[in-house]
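The next block holds one structure in the form of structure tokens; read it before the comments.
As written, the chains take the letters A, B, C, D and E, and residue 1 is the first residue of each chain.
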Amino acid sequence: MFCLRTHDLAKCRSKFNFINIVILLAGIMCSSAVWSDVLFDQSIDKLLGKNFKSVTQGVELLAQSDDERAEQVLQILLAGDLYRLKKEKRLVTIKEEKGKGYLVTDVLESGKIYEVSSKRKIKRVAINNKLRTKIKAAIAQIQLTDKDPGKRSAAVISLFDVVDDNQIVLFEKMYEQEKNEKVRSLIASGIAIGNLKTGSVVEKIAAIKKLEDSLEPSVRNALQATVDSDNDKSVVAAATKALGKIDQKIDNYALMETLFFGLSLGSVLVLAAIGLAITFGVMGVINMAHGELIMLGAYTTYVIQLIMPNNIGASLFVAVPAAFLVSGLVGVAIERGVIRHLYGRPLETLLATFGLSLILQQAVRTVFSPLNRSVETPDWMSGALEINPVFSITYNRLYIIIFCLIVFAMLFFVLKKTTLGLKVRAVSQNRAMARAMGVRSEWVDALTFGLGSGVAGVAGVALSQLTNVGPNLGQAYIIDSFMVVVFGGVGNLWGTLVAGMSLGVANKVLEPVSGAVLAKILVLIFIILFIQKKPRGLFPQKGRGAEG
Amino acid sequence: MHSDKQLFDRKSQLFLLVLAIVTVAVLALNILVPEGNPLHISTYTVTLLGKYLTFALLAIAVDLIWGYMGILSLGHGAFFALGGYAMGMYLMRQIGDRGVYGDPILPDFMVFLDWKELPWFWHGFDMFWFAMLMVVLVPGILAFIFGWLAFRSRVTGVYLSIITQAMTYALMLAFYRNEMGFGGNNGLTDFKDILGFSLQENSTRLTLFVLSALFLALGYIACRYIVTSKLGRVCMAIRDAEDRTRFIGYRVDKVKLWVFVFSAALAGIAGALYVPQVGIINPNEFSPLNSIELVVWVAIGGRATLYGAVIGAIAVNYAKSYFTVAMPEVWLFALGGLFVLGTLYLPKGIAGIMKRKEAVA
Amino acid sequence: MLTIENLNQFYGESHTLWDLNLHVEEGKCTVLMGRNGVGKTTLLSCIMGLLPIKSGSAQFMGQSLFDHSAEKRASMGIGYVPQGRQIFPAMTVEENLQIGLSARQDKLKKIPDYIYELFPVLKEMINRRGGDLSGGQQQQLAIGRALVVDPKLLILDEPTEGIQPNVVQEIGDIICKLNRETGLTVLLVEQKLPFARKVADNFCIMERGKNVATGDISELSEELIKEYLTV
Amino acid sequence: ADDTIKVGILHSLSGTMAISETTLKDTMLMLIEEQNAKGGVLGKKLEPVVVDPASNWPLFAEKGRELIDKEDVSAIFGCWTSVSRKSVLPVVEELNSLLFYPVQYEGEESSKNVFYTGAAPNQQAIPAVDYLMNDLGVKRWVLAGTDYVYPRTTNKILEAYLKSKGVKEEDIMINYTPFGHSDWQSIVSDVKKFGSAGKKTAVVSTINGDANVPFYKELGNQGISSEQIPVVAFSVGEEELSGIDTKPLVGHLAAWNYFMSVEEESNEEFIDSWQSYIKNQDRVTNDPMEAHYIGFNMWVEAVEKAGTTDPSVVQDAIIGVAVPNLTGGISTMLPNHHVTKPVLIGEIQDDGQFQVVWQTTGNVAGDAWSDFLPGSKDIISDWRAPLSCGNYNVKTAKCSGQNF
Amino acid sequence: MVPQADSRLDIKNGCMLYVEDVSVSFDGFKAINNLNLYIDEGELRCIIGPNGAGKTTMMDIITGKTKPDTGSAYFGQKINLLEMSEPEIAQAGIGRKFQKPTVFEEQSVFDNLELAMAGPRGVLPTLFSKLNGEQRDHIEQVMVQIGLQDHSMARSGALSHGQKQWLEIGMLLMQNPKLLLVDEPVAGMTHQEMDRTAELLTSLAGKHSVIVVEHDMDFVRSIAKKVTVLHQGSVLAEGSMDQIQSNPRVKEVYLGE
């Protein structure tokens, strides 16, 4: 069945030579004739060549060869798994690491395994952009007949930019066979795009009508081209109107996108700041090492991934509690070792923790090297949820927003619904009296500082998915964190949430207008002016007690 | 206790005396003792000391408002940098047509970004007196506007600290922008001469050193005058009970504003002395971390003792100079450790030890 | 119940309490008197463990008090109403009271109703921040808060300061009631003689960090008052 | 101290630049050790003097002076950022010492005492753009950079260059971000929109160091692949890649004068000795390291040639010195104190290495003064007598601003 | 010494302070409710009332700490207190002693008194001000008056509660205002000290107007001519001590038996 359809397709003349490849690949699969051993051997020779040109030629030859192994080789090549053994001149794939070298499998004679002693004895066969484009395009073409309607849709869309008469014919044929409504509609759009270019005035206007609901960039480009160059006034008018309608929609989605960007930036700010909202906001410790506690969380993620390299997807779920523990324990150590000698001298905590932040940074440099460390993004956090062609939501950001809200909710619960929250506040408002009421202030301090630090570590896990994991990670967030806590109103968790989110959105609203740098400056000036209006932040602590 | 109210109490006399002796001694050891003699102090060292002295002046400015008035400014580096930029602009204009592009008016960085004329705010900086006026006016006016807004609306405590930090951070980002017209991240550099004296001459360097010492002494005396005056006691009253001070009739906002402006101008002067000695001013001086660090100097030296601020600035910077050579790989541990142990064991700073000794004696 | 012997305390260089002795009888109400600045508050702070002491010993219900940390002393059964009230200003009235719960032996999770019965105003103001209360309301809150820990010994430092007269009477009645009916031992610092006479069983007068006179309240003579309480 | 020759190493070991510069310090230590193993220079051992300017620009000047004045070094190898070089430059000029600067930079400078062994814009940016234009058929350009002098200047040059090639204003989008920018959502979304107009689009990135990781991650997440909109970067090398999850980067490009993946005997040797020196088989090499390699060898040869380490003599002797580079060619020190180098375009692979996809046929001579900036197209640099000038204006026949 | 009263202070018809129809509420709670209060020149007025009646809040309004929601407050005929900041009001001649003693803890007793001393308050005058002998004597004299002559150089933070009360009264004396607001001056004082305070306050009356808030009835009785009873933010009763003491409402809400 598969072959048949491929043949059908192949009968349609196409100017794209990758279709030739498809024809040939199809041929290889359908006929058992082996007539190009020579071609195949030549192509393998070329693939073994050192420079890029040679490999390109190899691929081209391979495409023409109908050796059964050719497709497999192409697939491996595309995946970037094809290596050559430098001395032996064999094509291999890596089976497993062994000591300083590898065990490798011969690609052409499966089952044959070599051992290489050094990593530099084998060399990956290069592919580049152009070649990758070629191979991928061929695959896309194959996928026009894929079982998965999603893949079929994508394949159709990929042809939008190049619709011509031939393609229209092809589309029309596909349209008849296609069962899936969504794909059918897409194909219809494709036909409409074609008509827009070459059809009669009536056809064009009908096409415009059909297209005015589409948000595909290629549709928009086609309409734009019509507006720019069509001779018929009525067509231009209709196209202009359709364009206006599309642009209107795009603008609306752009607004939603800005909001999403803002909230996602906001949730990063909140995550970074929320631990500080406890150690600084509630306990009154001006913790300059907060950023480094975040950094430790990020490094914990890195270490966890080192420990479980085959489970990157799950590693984050391990990393969150691990980072909480690591940063939390370091926090407890800082509290027990330094901060506790400084209660009642809040400004001194700034100095000591500033020193600690230098030490922690340098410690990380010493242990992990000054270079950034590579933290992988699990598959479930990559990519985007495509809502429509102009609006998609990236998964990593989406999860981080959700994560931020969960962390916030848990913290809120701990501070508001357990006696710990009560005790912390009592201790921070009047240490001596709290002790006289039987509150174990030392224990409360250590626990709270540990909690705030642990949360910083958890933020580090999230940040490791967005940015560099390096010794400077903490410094990049410390100032913003203080800004958020203070802007929100010291001692108010809600304030931190609202402040972070609103600063995020403000930044993202400004950015397209003013550029990233000015946007940041403007937000800072806004904070300065805002504090004049509300000298105790968004959610000030009210009442007689707060004034002193 | 009463001596605290004397302008030149014993410690101040001692401080000024030491400063004068060191200055003269350094000069003598540089000029009179021949090179190669172990006692010779190289011009390199003199300039290094000069830099420390400008930091000390900056530290005094911070101590005045933090130690005595309780305003923790985490943005004082900005005033220092602005003073430095004003001086830098003068020095840039002095280059004249000796720049690499030979443009008689435009500094090099403007030429290669294809600017056609000098931005308006660069005018006048070819005149020394104007530039020197700007050294105090620009930080002063910024401090005035900022302080007027903040103190009037009673922004206090960490809120004030954080918005001063926001101020210096915003300025840093702004000065990094090439469009601002201050040379972007490369800043202003490659200065040639000041008032016609080559910056590479020994004598110019020594003069700058002496000027730094002189201004440090003057700054010290001025601050000392303030803190021993009744105004100083008002400042301390504000630090300890701001509301109460209002209820006995003092305009807290005005007192804060003027002392803040004075302190900013002092920081500006320090910046202006710093730039010709180190040869460069760039936006990194606005970095919030710099401002935090200079608060640390004051704390290590001893808050609310002016001479303590001087000692702190010099001690920390000397430690930095020393550690970076002696243990380049681990000096941050040493410095960080110094800050931590300093706060833990010297709650009153280095000046605290001296006080304690005195009390025992 | 509480016996203090040879207590010495310093504020930095200044010797504030000198070889001080104090005995508080179980089930009785003892009033501590003396002029401003003689060290009454200081003594109470030492008992609560909020100030470091130089030397001395204290027995509380058979245990050596100074061996325990300040936070332990609350759960040993000492309730403290400090001078100046020391309310947690940013916490609500209810939260101020709840703080004492964890020091209770019986692990009660709810504020006992009798506190609100003793001080109805606290019920009215239950959600207001402690710092917003008027001075007198705060004083009542402070007493209520001390009672929440279910103390065996209640220490009050000038509890009637700033309280309206009828409430002063009430507080007096409450102290008496607690003292006589529940057997709560009370150590009270008080300047107002009538009040002291009304509630106290024993007195103790301090002068410059030493105690100079003790006895049954009926023995508190005019001479003693003239000598130690007049300026 | 007469039996050794001191060499100053002026790279930040702490602060923001430590991430890049620490490696260069180690490279220098290795090169010096190897040279000593070969018998040193002029029969004397070399003695490295390491200081830490701590990513603090004024400190570069101070430490530079210390190296020259107090330590009496014969040459300094150091700096990364342009501002750090600008900071020490007056010092090396005043004290007439030598500075070897190994990093690509914006050009517009030629000092008597500085030797620029990294790429000038014409040795990196322009060839990269040529490649995109000619080989990938790029028609629409995003010039994205960190807001500082190097990207600003490079983009200015590129803008002029692109316009000279007939690219229209509306097909160029320029965007600047602050240092360490980490939230790229809006910008990447804008790039995506800009690139969806039906013309092949590419990003030319002068984005600095730390901002790159989040940038590429965002590209990947928003579904922009290297085939759709390739990014060619000038500040992303092997060292940077070693700290990145390279999955989202595969297929994007970088332009340098050296890649670790270049298969050359000399390069393999260099990699071997580096990895054994640093005791880590996973450590990578990069372009600035090669620049130090070239610069150091040039200095050694010039010193041998001159028979002295006296900087004023070495300055003259080094011009014309040619040493092998690590990509199989020979680099020569030009009279303008820049060097000749090949330009290579590499594609990022998922192992963190670059695959060379294009390279210039021969060496490109580094140009101190860009031909595409109006202020400097008439300026040339030639430190040989009789001109002896770093910025000679051929129109006015004047050499301005020299202190000598 | 001449009080540093505002030249605009116009007390021609003998009335020093007008508080009319003032209301203020906090989060919906009416702390002051349509309060009216008039104080004559040289009068000594006692204000009593249950805890939370709004006495301290009333002082907050007069001294500018709290802005009322409605109503007016005038100092003399012309000076509108509601338009002025705290320092302006203080400079106009209203001094206050707080319920919870607040002194400048880091400074000596002497310095506390010097700071409070009447005189110019501007930045430059304070910068250049020098104490003359007369002023110094004045300070010494007040120190004797408040019994802290032996603590002249002591850090005021190290004083006991009662000593701080005295110091605050001393500061008020130094300020020499036209109108004194004294919130619970004898809290924490012994009986005898109380008598001294009573003496002091009565001696001040006449030259100054004095408002005293106190819960100690013996004390109030010993000084009061006219007493105002506040209850739930408004005046419940006003009159002589005897009248007040026999007022059943006052007995019920305040005095008890």
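Everything below uses one rule, namely that contacts are C-beta pairs under 8 Å (C-beta built on N, C-alpha and C of every residue); 3 or more make two chains touch, one makes a residue touch a chain.
Quantities reported herein were computed from a predicted structural model and do not represent experimental measurements.
Student: Any chance you could name the chains that touch chain A and chain E both?
Tutor: Touching chain A as well as chain E, we find B, C.
Student: Centre-to-centre on C-alpha atoms, which chain is most distant from chain C?
Tutor: Ranked by distance of C-alpha centres from chain C, the top chain is D.
Student: Which chain has its C-alpha centre closest to the mean of all protein C-alpha atoms shown?
Tutor: That would be B.
Student: Among the chains, which has its CA centre at the largest distance from chain E's?
Tutor: Taking each chain's C-alpha mean as its centre, the farthest from chain E is D.
Student: Based only on mean CA positions, could you tell me how far chain D sits from chain E in angstrom?
Tutor: 74
Student: Between chain A and chain C, what distance separates the C-alpha centroids? Give it in angstrom.
Tutor: The mean C-alpha positions of chain A and chain C differ by 63 Å.
Student: Find the geometric centre of each of chain B and chain C from their Cα atoms only, then give the gap between the two centres in Å, rounded to an integer.
Tutor: 53
Student: Going by the touch rule set out above, which residues of chain D reach two or more other chains?
Tutor: 13-14, 147, 176, 178
Student: For chain B, write out the residues touching at least two other chains, lowest number first.
Tutor: Each of 173, 176-177, 243, 329, 332 in chain B touches at least two other chains.
Student: What parts of chain A, by residue number, touch at least two of the other chains?
Tutor: 362, 475, 517, 520, 542-543
Student: Spell out the part of chain A that touches chain C in their complex, as residue ranges.
Tutor: Listed in rising order, the residues are 419, 422-423, 425-426, 429-430, 432-441, 491, 541-546.
Student: Residue numbers of chain D touching chain B in their complex, please.
Tutor: 13-14, 50-54, 56-59, 61-63, 65-66, 69-70, 81-83, 86-87, 89-91, 94, 108-109, 147-149, 152-153, 156, 176, 178-179, 373-376, 379, 390-391, 393, 396, 398, 400-401, 403
Student: Within their complex, state which residues of chain B touch chain D.
Tutor: Residues 42, 44, 47-48, 51, 95, 97-102, 108-109, 111-114, 173, 176-178, 183-187, 189-192, 200, 278-280, 282, 284, 320-321, 324-325, 328-329, 331-332.
Student: Considering only the defined contacts, which chain E positions touch chain B in the complex?
Tutor: Per the stated touch rule, the residues are 4, 63, 65, 85-87, 90-91, 95-96, 98, 102-108, 111, 114-116, 121-123, 126-129, 153, 171, 175.
Student: Write out the stretch or stretches of chain B touching chain E in their complex.
Tutor: These residues of chain B touch chain E: 1-2, 225-226, 229-231, 233-234, 236-237, 239-241, 243-252, 254-255, 258.
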